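Worksheet: the structure to be examined is printed underneath.
Per-chain residue numbering starts at 1, and chain names A, B, C, D, E and F are given in the order in which the chains are listed.
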């Protein structure tokens, strides 16, 4: 590794910025954004970070101004950017479902399917995705670029909108009905094709992906540790497949072993009562920073 | 377990709400309260949660509208509710002593004991507890229901108050003197008698209680881990009883064992210096999410 | 240990107060500052805490009104206090470099070195440190006590200032140039000489220092745990010196051992990819509360 | 007026407290509530203020512990207090309609009128108002005291609720339908009958009421001032009755008069264009603190 | 005026929303935006308000979906919208200069004038304004649409940007240099041509403009009132032209007149000392809500 | 007035900064403090403002680095600065009494008067004022400079303190008893003697003082306006001396005059009822920005 080598990475400025920087910190890369400089500080001299709107990152990665970036899959598609997607990350714990771009109309609208859009006008921030969707269904309709606050327009200014949603609650609050889903999207680590061919850069990017994945994985996982009698061990492991692949270490106390594993936090509430019933003792659950299998 | 089965649980709305939902989350049940729905979302399809004033939960559990609930022991008593108390939980780390309902009077009041209340007027939110207390002491006194801000009334509007306190600091700030304690109260998991007879519900409730206890337990505990020479082990374990029941595992390095245990966080500051003095090495303390013995 | 014995400790009031109390809590001593009392509550009956300006703590420790205190090395020097410094603590993770008292002048000032100060006027909060510095260089200059906001004065009211800085950003924002560094300073645990001779007090202070050091150490460390094949162990340990002195415990699964160690958080991002490449499995990183070697 | 005379006034503690103290300040009585004393400071030595729950003020005014108080008409009725209502004040500018206690049921409930409540259970904070309402309609139904958060209960725990509302938005958000209105309520200045007979107290109360009314009046009024040609004056005053009873003063400039009046702020947007069209010049609108006709 | 007639008005959603609604309120139209409805409430049944991005308002006004709107002149130009501009409003008191779209490059860039852009790439939110500007100067350059955070791109991703600025401080903080100004912009009241032909709508719009202008005017004006001796009046009015066109009314006190006028707040600090020196007495300055000449 | 002439003014940085800048703005001088520059912006090219600790302003005014400044009288005395005090301003409406430097001791201290301080140790921020006070009373005692948080020291570290207080509440909260008052202090406009001799500077300073006084005066005053019958006028003016020196203007309505005056806001609550009783009509009270007699 040469001291001179630097990886240029684009991170999303704006609504996803805080969450993304938090993930990067958990992965081990601490980024400090100062109001006095347009260049964020990174505690890794081989990494340069630029904060750019999520909508544009794929464009600059494709052109090679950036080696890689984190952005939504939707904007890669919208921009038609020819980039490599290395990793997919589920950032949000709050919602079960990823972001979706949906076709929505007012509750009382006669529009029931994409076919009913013929000759209508649609407002959206993703003009290309929408046009491709209409084309695929053989529908002719006007597509207008919307600068935002798109829901408001659906009632009076256009006939339908294509808008992003996670839980649908904002659409419901605006009395809008979802007609169809055009695209689901999650954050991705995208890479310029030439950068991927450079061994040092590829190695750096794979390390980044590995650590990010480890940090995100750890958010929904916990460590579980308990003591089990040797004679019950096989039975317990067989009946509780969630305890997959535990680390079993010998204890000085004859006849007992320590069992330790990493499991989904949401499985714990099922597992602990079962373990206790099966004779496990001294069960403790502890938090994790990173999990790399 | 039938997919249809659901446990209805009442949780306290208001000042205890945030703390209670945090404990439930630590226990593994994530509850989301939306301003757009009166029905909180729980990430367990077998659990339904309703947020109700702490004062009223025992009433609706008794009537069977709710299967169980978390509420203060005081309101179970005040309402005279016939419910089963399954668990007791100390929620607050800040204060050593639990909430107490006390009889208080102005500093300069001639009232020195309950006997001096004869013929006087008392304001309180717990009318029944107060009446029962007076009756037990054979005292006749008027008891008025107070909607709150009761301390202010003690100086001019009534002769005494029965009010809740933890540290007594609010009473002192109002220049009030505590005459007697009527009741101490902690949060309880209460259950309707019929629900308790239903095996599925009882099992669900016991699981809830187990996990809540594990999560609350973990708040005042930490994990402690160290390496000790085999030859010193017995001496250390004998002289440091706080290290009760540790997990001892063999190390590859001959003559050394790894000792791991869970102890009260407040004991650590005594224990670590003693362990170090006794030859322990590589002592680390780590946080815990749950502890189930 | 007599029940009567109490250690009197001064902690810095003001800008460092919150951080200092947080460290004390991590060390196991929970201090509660009430707006209703000038005496902070400590959950240790053998410890009394007083909150005093950082500038004055060494004075009262020297006089014996306090047994010990946490304060900056700079103020020990400025006050010329004859106290024992027991421990040095790096409190801040944000900045790599400790606080420095520097001589600064406007960017355009002709002053290039301490020699150019001859006959000039200097404003500073550390009058004694500044005078000693000038004396050492044989420079005669007026030194005025500054109550604060010293940067503003450097442009019009005096010729130079001696001011504290960590990153230099405030100086740069005021268009000031650093000419020289007079003193670097970190927080210290200082002790009165007589208190140090008292065995009980000395023991108490050494415990405090041990626990504080353990808590501060843990902030930049994490626990790392993984499974490794026995046959690869030596090679891995040799090639990865960062894994210094790990705990190796036997697993039931033949041929595998569990390796556990404590390392600097900032090394993790290098180490995990290497470990993975070397065949380690089930790598987890977890947070620590205290680390005592 | 004797220096010893003091009027004791109850003001509502809690949600209405801030608004009420603001009105009192506008009326000229500045009240300072300290966290260190249960006795608020008033800058009038002849006025003593106590902060008490709105629900209870009428009770203590009736008993004579307080001479007067500001509280909602609803709680005077609920308590059945025999007090004199001296003034009615519309406090809120935000909502056009006063607070109403309404009978509400789930949207899908079969209950369409009070008659349908026969044999049902109702939860409410105003038990007496509700019982009287049922009695008036000859309906037998259970009425339970609710400690709050009443909307949540309407769906599962009781059949109907009687709850307070201004805009109905909270009820709608809980999917509740208003069946009937039991009582509308506004803040009142209430007085003890004996205090009213005391000339000094009555005078003091009437002054208070006058100033409060003047301050509240001023919130929805503005001053309007303009120059008008003498010859157009009669025509303008006749055609614009909103300009009721203006002050007309002579100007030095012959043929012109200055016209000044106080009008509702919401009329201004109609009036100014008309005035301008009618030849008025130099129209200015200015804010008012008090208006007393 | 028919009760049925309604004017549809677009107001800017987002950064200018709060300021715009505040101006509308000062003009006498109180608009309430609820999180529960996409339709803002206006206390005028003849006015309907829609909140739409500033960038799009002119488009929908031109199409006739809205009768009028408040938006920046820049977006009218960018969209090439054929609408009528009825009024210009200076909203901000903070900055003396209106918003400008400027061509900016890094401090060290070789680009010194628009001519140097030949063959370069420019990022901007106003693609059309930028293309027209380049065309006017006969320069061929690529213009890319920027979604925002444009300053960051100027250093590495493009050669120049066209960005909005008021004080230039954000550009300076990004080390960018202004090369040229393309357009200055202020908020405008724009109207659809057909709506302007409708007498009722035109009248309504003119009233709106009149009141908005009166409210904005009043922000930088104050009322000034004083007593002056009749004999000095002419001399004072001649020497102090800022006292333009005052209202002079007779006082009962012989030889004195009351002089009242509306002046720029920033002139007061010059005028009051001069008035006092000239013998004016009882000078008072008072705030204004609206000023309509 | 020369365009080149500039007045240099020091304003207090820190706790009084916001209040002082607000007064300056009311006086007509708007000052903007930016985090990006140490030089505050003033909208008057003849005024330069520097923000300096209140403790030091008099020093730099005396030396001539500043022409004038606003600072407390106490620090003028403490520094022994030879400056001219041009104006005194009561800034705070909240407290009736000005700031006082008092000698305070623990409640239980045997110290009852200054004489009891003989041979004791005193901590204070105003070392010179304290020494002079002791000298005046012929008392020998040690005086130590305190950096702040002085109250805490009075119990254990020194025998007495000299500390600033307005209401005494902080002293009471620390269980301290006031023994004597050394100095009362209000904010002053102070001027360098040479600057005062410069006619342009003196004129500028007098204007500043006039406008500041006018703005501060207006905070506790209101305008009052009413219509009165001519025949009652003399009687009303005689019986209500608070209506001092009103402006009386003729109305067109025969027999009535308009009476207008400026009075203390705290008199209004007495005056309005009396005016109404005396037949005044259409009484309005309005706010003022400045009052210059």
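Methods note: a contact is a pair of C-beta atoms (placed from the backbone, for glycine too) under 8 Å apart; a residue touches a chain by one contact, two chains touch by 3 or more.
Note that the structure is a prediction, hence the values are computed from the model and not measured.
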Where chain A and chain E overlap in contact partners, by chain label: none
Chains in simultaneous contact with chain D and chain F: E
Chain of greatest Cα-centre distance to chain D: C
Centroid comparison with chain F (C-alpha atoms), farthest chain: A
Intercentroid distance (Cα basis), chain D paired with chain C, Å: 58
Centre distance in Å when chain E and chain F are each reduced to the mean of their C-alpha atoms: 38
Interchain centroid distance [CA atoms averaged], chain B/chain F, Å: 52
Numbers and ranges of chain D residues touching at least 2 other chains: 36, 173, 249-250, 286-287
Listing of all chain pairs that touch each other, if any do: A-B, A-C, A-E, B-C, B-D, C-F, D-E, D-F, E-F
Chain E residues within the chain D interface of the complex: 27-29, 34, 36, 43-44, 206-207, 210-211, 214, 218, 223, 245, 247-250, 257, 262, 286-293
Residues of chain C defined as touching chain F within the complex: 13-14, 35-36, 38, 50-53, 55-56, 60, 65, 146-149, 151-153, 155-157, 173-175
Chain C to chain A touching residues, read off their complex: 169, 173, 222, 227, 249-253, 258, 265-266, 268-269, 272-273, 276, 281-287
